[in-house]
Amino acid sequence: MSTEPLIFEMGAPGRRAATLFEMDVPTRPLIDLLPAEALRQDDAPLPEVSEIEIVRHFTHLSQRNFGVDAGFYPLGSCTMKYNPKLNEDMAGLPGFARLHPLQDDDQAQGAIELVYRLEEMLSAIAGMARVTVQPSAGAHGEITGLMVIKAYHASRGEGRRNIVLIPDGAHGTNPASATLADYEIREIRTDARGGVDVDHLRELLDENVAALMMTNPNTLGVFDENIVEIARMVHEAGGQLYYDGANANAIMGLARPGDMGFDVVHFNLHKTCSTPHGGGGPGAGPIGVAPHLVPFLPGPLPARDADGGYHWEDAGEQSIGRVRANYGNFLVLVRAYTYLRFHGPDGLRQVSESAILNANYLMHALKDLYTLPFDRTCMHEFVLSANQQKARGVTAMDIAKRLLDFGMYAPTVYFPLIVPEAIMIEPTETETRETLDRFIEVMRQIDQESRTEPATVTQAPHTTTVGRLDQTLAARKPRLRWSPGDAPRTAEKSVPVGVSR
Amino acid sequence: MTYIPNTPAEQHAMLRTLGAETIDDLLGAIPADVRLQGELNLPPALSEPALRRHEMALAGKNLNLDEALCFLGAGSYDRVVPSVVAHLAKRSEFLTSYTPYQPEVSQGMLQATYEFQTMVCQITGMAIANASLYDGSTATVEAALMAVGPGGRGEVLVSRAVDPQYRQTLATYAHARGFTLREIALDGGATSARDLQAHLGPETKAVIVQQPNFFGIVEDMPALEALTHSTTALFVAAITEPASLGVLAPPGAYNADIVAAEGASLGNPIGYGGPALGLFATKADLMKRMPGRLVGETVDDRGQRGFVLTLQAREQQIRREKATSNICTNQALLAVFATVYLASLGRQGFKEMGVQCVQRAHYAFDQVTALPGVRPIFDKPFFDEFAVTLSQPVSAVNRALAQRGIIGGYALDRAYPEQGANAALFCVTEARTRDDIDQLVRAMKEVL
Amino acid sequence: MSTEPLIFEMGAPGRRAATLFEMDVPTRPLIDLLPAEALRQDDAPLPEVSEIEIVRHFTHLSQRNFGVDAGFYPLGSCTMKYNPKLNEDMAGLPGFARLHPLQDDDQAQGAIELVYRLEEMLSAIAGMARVTVQPSAGAHGEITGLMVIKAYHASRGEGRRNIVLIPDGAHGTNPASATLADYEIREIRTDARGGVDVDHLRELLDENVAALMMTNPNTLGVFDENIVEIARMVHEAGGQLYYDGANANAIMGLARPGDMGFDVVHFNLHKTCSTPHGGGGPGAGPIGVAPHLVPFLPGPLPARDADGGYHWEDAGEQSIGRVRANYGNFLVLVRAYTYLRFHGPDGLRQVSESAILNANYLMHALKDLYTLPFDRTCMHEFVLSANQQKARGVTAMDIAKRLLDFGMYAPTVYFPLIVPEAIMIEPTETETRETLDRFIEVMRQIDQESRTEPATVTQAPHTTTVGRLDQTLAARKPRLRWSPGDAPRTAEKSVPVGVSR
Amino acid sequence: MTYIPNTPAEQHAMLRTLGAETIDDLLGAIPADVRLQGELNLPPALSEPALRRHEMALAGKNLNLDEALCFLGAGSYDRVVPSVVAHLAKRSEFLTSYTPYQPEVSQGMLQATYEFQTMVCQITGMAIANASLYDGSTATVEAALMAVGPGGRGEVLVSRAVDPQYRQTLATYAHARGFTLREIALDGGATSARDLQAHLGPETKAVIVQQPNFFGIVEDMPALEALTHSTTALFVAAITEPASLGVLAPPGAYNADIVAAEGASLGNPIGYGGPALGLFATKADLMKRMPGRLVGETVDDRGQRGFVLTLQAREQQIRREKATSNICTNQALLAVFATVYLASLGRQGFKEMGVQCVQRAHYAFDQVTALPGVRPIFDKPFFDEFAVTLSQPVSAVNRALAQRGIIGGYALDRAYPEQGANAALFCVTEARTRDDIDQLVRAMKEVL
């Protein structure tokens, strides 16, 4: 079928699916138990559908969605690697999935131990003194890390430090998190080699700088050769160095942020540790910190008893406090733990090495047809510009859409902002050479089409269940929910009838 | 071990096309002095079967809710979840996809999220809802931030009957972001209207009240709302037990401006409290100030209905430091679980769940408080949780109950020291049968 | 992608997915442990593929398959009802799924109890004295039942009875099973009302008849009104009455085969109890028997101890023996048990009632456009003839193929054999009225097309991943496996290129 | 409860379009005297959560292989199964489909089955294989039936070292179908070549030998094959432990005519022995006599490769009483499990599995037979099972082992009374680590 109705457009009054336990306790009228004003007047107008309708509806929806299991997902900055099924099975064990967060510690020894060991592993990978797994995602790690830095400065009487430096290529969460922590942002330029412009950094550094936030490799996929110098400069100015670990897939077992001079590191376990992405979440964004920042970490933290048991320890006096309820995205942590234990030190290094190899392999093959703004060996990803194609009337967005026709997801486009018509490609280590070769072939074909039949590209995609969507209509006259009486938004154009699916 | 498909021989061939011999030839940009010498200090790799055994052993050290009857609530709830939910929500097309940036191949996730947003509106009675936030606590933080406004200062009032973990989280953010957080005192387990009135002022940006509150008590929301709205402050309803919405008036009915809720118990595994599911709903006119992703309905170039991420100009990927929030990765998959779950309960089932919670909890209350050595702490109406004082410390009682396969109530002194070590908060949801409750009562009789 | 390669066409030497435990015992050269002649010379030439390739391959294959979860499956005689997810979860419990069949009975008390209770429930539904769950599917139930009948006759010195009577509308397994039990078959004609031709039956009945095998309702979906008379006649002639329970979805709680006079009944749990079909299996084909046949049942049978425990009891002296290893398709039985316990007596009756209602609803709406050879109220299914459409050049097969274009599976066609251009439709009770209405609409459209644009039907399907397949080539030059060097069978016709998925 | 979507009101409306008022109006064809009065005598319906609890309790009464270390084999094997297998094979598109009668929308199942047929050929070394039969025992029956031929009589010889349950099943069918079944005697745990020779004759249609045999012993298949093929009989290799094919010569290599095997342990849950997976492979020239479904490669009307059920003229749906077998529903989904599993192991892993079985079983043999009170029964080469005599009855030993979390060996007197009550058959697959084996040895030391 060409479209799937909304679940609210299905069903009939009185239909339902779930059964609850039979009522087996004596009941009293609600009105005897609760104040009349507090009671709901009308039922929540949820759909009235049977189980088979639900099953078919969500099966159909799933069939209208593309995941890593269906094909190549070269989405730069997102590390869409293979998501091991073992992860899911482990997270599904009743001993993990059916645990209440407020049970006594002695009823959750295995869970606390797992978190404890995970923190140890992440500390080792990052070269940090201590990790907390509390943050729910990368951006949550960022704000947590910045609050830790803030508390650190305050503890030293340097509460005045109100500026965070951020390279112009940075991910949007970095400035957004800094604002949330009540910092002002100064943007640092990228130099000709794709790294931090050290001269510009020097200009911006002063006694009000709280931190520099950066990724390394950065969003261009480039490892900043000056990282040691940068760290020295920032530390000399009394600032702290924050590592956005979204790109950690490039450095495991090769280089540790701690050794580079970073004071805080966050991980995106849903990227680097394949936990998986779930259509946009959940993730987990643990942060690791250098020794001087440990006292400021949020609580609670897992701790080991003298007798080998484990317990949750409340945060100390200097802690920033709590950043969310309970202990982080626990079942995501189980998946990450599984991933790391499966790989071990040797395997993790191979992961990063292979991610780098695959990226360079693609970059090497594509750079003659697409502009490579920074022509250097890349790390786990690289950024092309479609400016040559643009000159022919084919944009990066068009190329992205055309790729969908070949059973592949599109790279990230228009990010980082510093590259015009950016196409950010991250193949990850879990792709076969054949898949990479196929992608090269398709990218070559699209470039060819941009010369010979640009409309094929600019009108793409052709083979997907829906065509290009009207983003302007969506934003100008927002419809963010179904309401009774809503007719589907459709244009007057005729749709082929009688030919479904 | 790894999930790398290419063999060393293939990798070598690939390297050669790059003019390289070894991977090291690609790593020149890493300065020698930061290049890791030797291996990471990690435990060695485990094969899949060995790892499975290891984690089954770890999991086996925990007392899980299939093995023991749980009477703990306090923000996390053991629900009856139909089998369909996980079967559908875990389909790999959902599980292994990213945020639906390419809508043409992501209609499944987008439409499911649109349905989720709608259902959140349906149960809360609000006009619009976002695609999810991290959890109930951070959703409450986002509500406060939204009320305070970008760069703004001012005061946020939070009832002391709001989940203690939420209040702690609010405090952390208030401190960093630079607004003032004040707590409203309790009056017999409910939010003191008098104390609220005393604190309200021109600086007040928001008032946050939990319904039912942390003690399970049903607050007089209309009264608190009226007080709040006598100022310019926004009235925020925090909800940790969404089952209550089957029975209690939805926040839309008492004119709440924002609803921040914990939706994990809507079909998701309880999972030691994470991942959780932050719900966030508000009034239509606050749309542009809203945090988080939004899915909207539109049309495609063939004239068909379709869905897209929309109003992204509020978000960090566009607005960067001026974004309404820094959230990026959210809890999308949990939202799918919740959507399937709510569809599965449907109009009737959702109400029935609420009614069952009330009835079962009141039956339990009657039985438990009839025991010698137990007395109720408050005498306010409650939903599915109630506070009692025991003749012994909760920790001791819980240890004894655990030996009988029962997970006892929450020790209230963890967050309310004034209640003393013997005060416990019991929770009885629709997932506890009469038999379960009777078992608890028998066990308590033995123990107390 | 328009086709998915074979897994043998993927991968590369040295690739693999699964990991086993590390070898942790001392090893010796194989040649010291096993005779050289007994050793395999070359490795089994299984594919060499990585985990991500496997995941994508089988995900793609699944995407090229249609199940009940994807849409309406009105396949007559197959009872393609909704398959509850609860069934799967229960069958997946480690206490059931991770049990070795030769464990001592005291380690399998729950399993034996479940089988015992299931047998009781099936006995109640069939109105039989005792059930065994050993047979693996319907056909296995048939041969088991016939062997029981054979042993019974032999025990009475009537070993001469070598004939089995089977109505001409019967399913192919009935005669095939009878042959396997070394019987000769006599076909009974169907009368004008769609039932057994009683006069013909009378003619065929003699002292050599061992049994009459029939379904009721039969494969026309018609309940045989003469069943009591038929039973009397067969019994009077000394024969036994065998009930093919493939159509039991029509009679639960309404009529019991035992009360109709049947001596043996098989169930198809994969049909009636939704266990599900699994692309062709596994099934389960328990049989129930009348009291006089109980001693002949195959063993082992579950039995209840005096103390409330359960054990497996070996078959008695008169038993036909064992019909397979272990205890039947246990995990299928768990699903059936789940299904029956969920429904209870009231629910099961509603199942049959609703199945009957849905079938009559469709039949009523379609009988003006498609010929209804036996114009009577039907039970859970009915058979149309496309003879009118055939006259226009559109066959039952064409209609089946055209239905696929609408996101529906096709009805059973060309069965039963007694109806020309047969279209056998079984909607089951789990379909919504909307789905039934949509099917009616599509069937009407196809009839219309048979008048106005028959080529649209005869060349269907148009929207499936592959078009009509060359059955003749497949059978004439059979290729039943991939071999090294095989090129895919493709015709020279051009396939659109560059447009995948 | 039911899964019926339509409400009573809708059903009533539907009835009215038929001119009926109640369902009873549609049931006129059922004679009053066979119409059931009252309800079926069944236990009342259980809600989904109640049923889940009930079955979890039932399941909990069993000692499962995640809880206890299993050293039982004897036809069913505890394997290391990668997580991917169930995730893929259980996808609902496979699970909820029927036999692929409409190939245009069933290419997934058809291609997977074609791949299965190929893999069965690859591991057995045979030319062709079918799409599955019920289990190893009935596959062996089908082999005998195929050899005897339609309506034919004659004799089938089966080694006494073939799985006793298979021999019992053969006997049942032989009796009904009308051929003679004779057992070949044992010689030190292996099939006696001398006794085989003595029984072979013009009436012999098939000789069935298990490799490795029921005692785990590796038979001299070339010798038995040569003897068999000195007559017109077909040589049938029965295999219950397919892991052996990673190490032992495949039946194709010793010129077997038919392979009948139990494939359940290839990736499927052990499931108390069912559903199981009958594998059946044979020589190309026996194709038309083969039982069971076959998938073949062909082309579609667009020129694309495709797959269909083929050679159906052998089958009951076409050939009816003249079919090669009565099988209809087979074990299709288990075949998909096996296909994913074999792909997952692949060429290297399949061999490694076989090698691990041999090595681990021999380590265990050495350790176990070094214990006082244990001695080996046979001295023939074995794969992953071995027979020993204990100083006490197996039943008593197994009870004691169970208390230590160990599922002990198979009591050989169940099928071979001459071995006595103290004879046990132990199995050690690739799923038993050294630790597991050492645990067994320690426990036996305590027990014996």
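By written order: A, B, C and D. Residues from 1 in each chain.
One rule holds for everything that comes next: a residue touches a chain if its C-beta (ideal position, glycine included) is under 8 Å from a C-beta of that chain, and two chains touch if they have at least 3 such contacts.
Every value quoted in this text rests on a predicted model; they were computed, and no experiment measured them.
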Which of A-D and A-B has more C-beta contact pairs: A-B
Rounded Å distance between chain C and chain D, as computed from the means of their C-alpha atoms: 19
Distance from chain D to chain A - Cα centre to Cα centre, in angstrom: 45
Rounded Å distance, chain A centre to chain C centre (Cα mean): 46
Chain B residues counted as touching two or more neighbouring chains: 1, 3-6, 10, 48-50, 52, 56, 66, 80, 82-84, 87, 91-92, 431, 433
Residues of chain C engaged with two or more neighbouring chains: 12, 14-15, 18-21, 49-53, 55, 59-60, 63, 69-70, 82, 84-86, 88-89, 430-433
Overall pattern in which the protein chains touch one another (line/ring/star/complete/other): complete
Chain C residues within the chain B interface of the complex: 12-15, 18-22, 49-53, 55, 59, 84-86, 88-89
Sites on chain B touched by chain C in the complex: 1, 3-10, 47-50, 82-84, 87, 92
Residues of chain D that touch chain B when the two form their complex: 48-50, 52, 56, 66, 80, 82-83, 87, 91-92, 431, 433
Chain C-touching residues of chain A, taken from the complex the two chains share: 1, 10, 12, 50-53, 55-56, 59-60, 63, 69-71, 82, 84-85, 405-407, 430-434, 445, 462-464, 498-501
